[in-house]
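Working notes, structure below.
Naming follows writing order (A, B, C and D), and every chain is counted from residue 1.
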Amino acid sequence: MKVLLVGDIVGKPGRNAFVQVVRQLKEDGRVDFVIANGENAAAGRGPAPDIANALLSGGADVVTLGDHAWDSKEMVAGIDMEDRIIRPANFSKGAPGRGWVRVDTPEGPLVVMQLICRVFMQPNYDCPFQMADRMLKGELGGDKVIFVDFHGEASSERMAMGRFLDGRVSAVFGTHTHCQTSDETVFPKGTAYITDLGMTGPKDSILGREVEPVLAKFLTGVPHKFDVAKGDPTLEGAIVDVDMKTGKASSIERIRISV
Amino acid sequence: MKVLLVGDIVGKPGRNAFVQVVRQLKEDGRVDFVIANGENAAAGRGPAPDIANALLSGGADVVTLGDHAWDSKEMVAGIDMEDRIIRPANFSKGAPGRGWVRVDTPEGPLVVMQLICRVFMQPNYDCPFQMADRMLKGELGGDKVIFVDFHGEASSERMAMGRFLDGRVSAVFGTHTHCQTSDETVFPKGTAYITDLGMTGPKDSILGREVEPVLAKFLTGVPHKFDVAKGDPTLEGAIVDVDMKTGKASSIERIRISV
Amino acid sequence: MKVLLVGDIVGKPGRNAFVQVVRQLKEDGRVDFVIANGENAAAGRGPAPDIANALLSGGADVVTLGDHAWDSKEMVAGIDMEDRIIRPANFSKGAPGRGWVRVDTPEGPLVVMQLICRVFMQPNYDCPFQMADRMLKGELGGDKVIFVDFHGEASSERMAMGRFLDGRVSAVFGTHTHCQTSDETVFPKGTAYITDLGMTGPKDSILGREVEPVLAKFLTGVPHKFDVAKGDPTLEGAIVDVDMKTGKASSIERIRISV
Amino acid sequence: MKVLLVGDIVGKPGRNAFVQVVRQLKEDGRVDFVIANGENAAAGRGPAPDIANALLSGGADVVTLGDHAWDSKEMVAGIDMEDRIIRPANFSKGAPGRGWVRVDTPEGPLVVMQLICRVFMQPNYDCPFQMADRMLKGELGGDKVIFVDFHGEASSERMAMGRFLDGRVSAVFGTHTHCQTSDETVFPKGTAYITDLGMTGPKDSILGREVEPVLAKFLTGVPHKFDVAKGDPTLEGAIVDVDMKTGKASSIERIRISV
């Protein structure tokens, strides 16, 4: 099965690019299943459920979030309504929502799990390594096909998770930095890996935002409104080919498609 | 001259406690000049100019700010209207406002300067040590009486500034943590020092905020509204006795006065 | 029972001050039980077991550690040899050592627990709030007299723990900043609290280190050797009077004793 | 002129790969000038001058450093001996060494400058944006061909510098994360850009280190010795084609060459 992994969708330009590119990829038979990071889908911030649901309607099978999960109060209240919108599994024990979902596909079950990094991130996440280990030995003990969105900043932590889970999951892919890495690979035991998928949104920008206010913030320290940019809407991500019997990935292909 | 240093004023309970206690201290002849940290004066956040001006009317001779300086857009636009509202001098070169003010008192000029720490703080401040050095050799080269609000988190950095400026300024006092330290002292060369003045606001709280939402945030990671608490409004700070001829401090006395 | 809580012991001057002051306090009948933070006992760094054991011989009943727990490889290898040397309970699951100890006293059992903060600290600690809750409902469910060393940086997190555990433990006291706070109090439900005990070591210093190298580091960014200072060795901490039947604290008294 | 930019060289495997690949690229006429990041050249840590000099002998025209600049005391003492070993220009004013060098080439002068990021980095660097601006208006006011190594963590800050300097320098390239990005581009006004060059060292690793100790550290929090790995030594970087008359870049090509 060909699984499309989509980097952080930013604002309306990102949502439009997402819908358009995914439709085309499906029509071309290049993609069977879509996992999309939606943590910046609402004007660059965390979406309310309606916007996340629009991504599901627009072609995503599962939407993952991230540190922006609770930007919208509606998401705090509503995330439990929809299984296919997930937030990091190692969020605090008391947080709403869930960290993984098992989706039935014509070729069998496929699990999507999200974890969040701790290095350079907020100080209230449980250990993603211990959490992954516990889940894989527990509730996911019978699953073969597992895709892990590891959301975070540091390359060391993300690479470490890729190595840690090699042979235990189908893919580990990073989100959050909005900057695609060129290190896509299939590790020796069959786990596809890439440090960061990149961003789905206006490339003529700084990580999806207008250039001038971001520069002004760096130069003055004074807050500026960071509007979502418009130019060159693009989908970035990767396509993983996974064997639904064994859960092994046979390939990972990095993509960047402008609309 | 007896100079009152007032720890971060939090919200309306803090502003009321400030006005009431300062009036009494002045009537009792215990205080001649008042320096107040106002970075949380507006419902726990950075004030607009009108609220900072109300502190000036209410007894402050100078209001200092901090990392919350630009919470209010009105302050960004309006800080340059009032010399006696200052923000850290080591803010980025392009920031509005100024980092020090020289006030005429009946006994001569008194300078108040603010600096901000870098350890555990936002990553866009210039070096406070180099900045202090440059100012003391430059525009403040002729001043004897200089009070330095060093706003920040780490005890090491604040203590280091106290030692660095010993003999060059009248006092170095910390603000920002809302937690008064017990280490007030006059250093060997005549500089009064305390790592943190504490907070002026409701003590029955977590740093001025209601207890329950702060606990809920720590337990769940989900954002909560942190309303300013109400119970036990208190002024915390210190009184420094300074020789206006030499600029040396002869004493520093820590205070905590409930209203 | 009168329990002495001792702030971070720094190097040889700190160890000497500790032994001398504790002997005197015991002779004077002011102290029955001693909990000492030893995370900087070895030349300002984490001790090997022999130095921690020397603190036990020198008057401590329990030694707590902190983020410096593993500075010495010998401690990694040896901590499991001695129950009364504890490290934070919310260290990673795979870490050696343990996070609490129950000590028999003539008046009954007394538990000492250590937790470590997450704000501004290393990114590999479990949630101290969830951990405390789990332990108090679990293995410590039958204990009345419990002392909690909450080791860390931010005043907000430490104050939050004090409020969180009010009525559930005898005392919550902070260590790590080497800077004593003046906010000692007994909370409404009987838990003694202080944000930071301060430091046991040479006060004529920056947090126990020689002044000049620390200033040079701040001014140049170039690493310098931070030798332990010598002047004015002092013990800082607090004495808590606890009812061994109920576990309630009746008083907390801040202390600072130079030798 | 074709300028090779080389990502962080890690340990002996990295140094060997560097020498071998550069020799071949020069023989093939693909490269005329070489800028190499050497901050991890000594067993994964900052090199002493002899190792940095060996990179110069081995094919580098300029060696840049980074946050690891002062790992070796010999570098602190010796950096001023060799102009072509540079450290970030926005290091503290009091630091040894210099932040840029102008090298004469057969086709005219070429400047290499290094800056270091502040987001998620140590808290003692001056503003890289203000520093770049000042230098380009000052000592480099007459230079056309300028290559900027912007060493750091956050994609936002690095992308912002690329946009900020577009048209003012020949190239802005990132180092430090050891993870090559796929976003190489020439900006509209002629500045080549890539967020991170990647690493020159053993790819069968976590950022150049053996996998197992890094995983053990993440799982337990206990320090482990991070030896440099051995497998699959590889050079990562980019080749920029620059017009020596105008300073404009006409292309940037990402490279990854195993030996």
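Just so we're on the same page, a residue touches a chain if its C-beta (ideal position, glycine included) is under 8 Å from a C-beta of that chain, and two chains touch if they have at least 3 such contacts.
Since the model is a prediction, treat every value here as computed from it, not as a measurement.
Visitor: Chains touching chain B and chain D alike, please list them.
Guide: Chains in contact with chain B as well as chain D: A, C.
Visitor: Counting residue numbers used by both copies over all numbers at the interface, does the chain A-chain B contact come out same (over half shared) or different (under half)?
Guide: Over half of the interface numbering overlaps between copies: same.
Visitor: So what's the Cα centroid distance for chain A and chain D, whole Å?
Guide: A distance of 30 Å separates the two centres.
Visitor: Can you compute the centre-to-centre distance for chain C and chain D, using the mean CA position of each chain? Integer Å is fine.
Guide: Here chain C and chain D have centroids separated by 43 Å.
Visitor: So, what's the distance in Å between the C-alpha centres of chain C and chain A?
Guide: So the centre of chain A lies 42 Å away from the centre of chain C.
Visitor: Give me the residues of chain C that touch two or more other chains.
Guide: 92-94, 120, 124, 127, 130, 218-219
Visitor: Quick one: which bits of chain C touch chain D in the complex? Just the residue numbers, please.
Guide: Touch residues, chain C against chain D: 70, 76, 91-96, 122, 124-125, 216, 218-223.
Visitor: Spell out the residues on chain C that touch chain B in their complex, using ranges where they run on.
Guide: 120, 127, 129-130, 153-157, 159-160, 163-164, 177-183, 195-196, 198, 206-207, 211, 214-215, 218-219, 254, 256
Visitor: Where on chain C is chain A touching in the complex?
Guide: Within the complex, chain C contacts chain A at residues 92-94, 118-121, 123-124, 126-127, 130.
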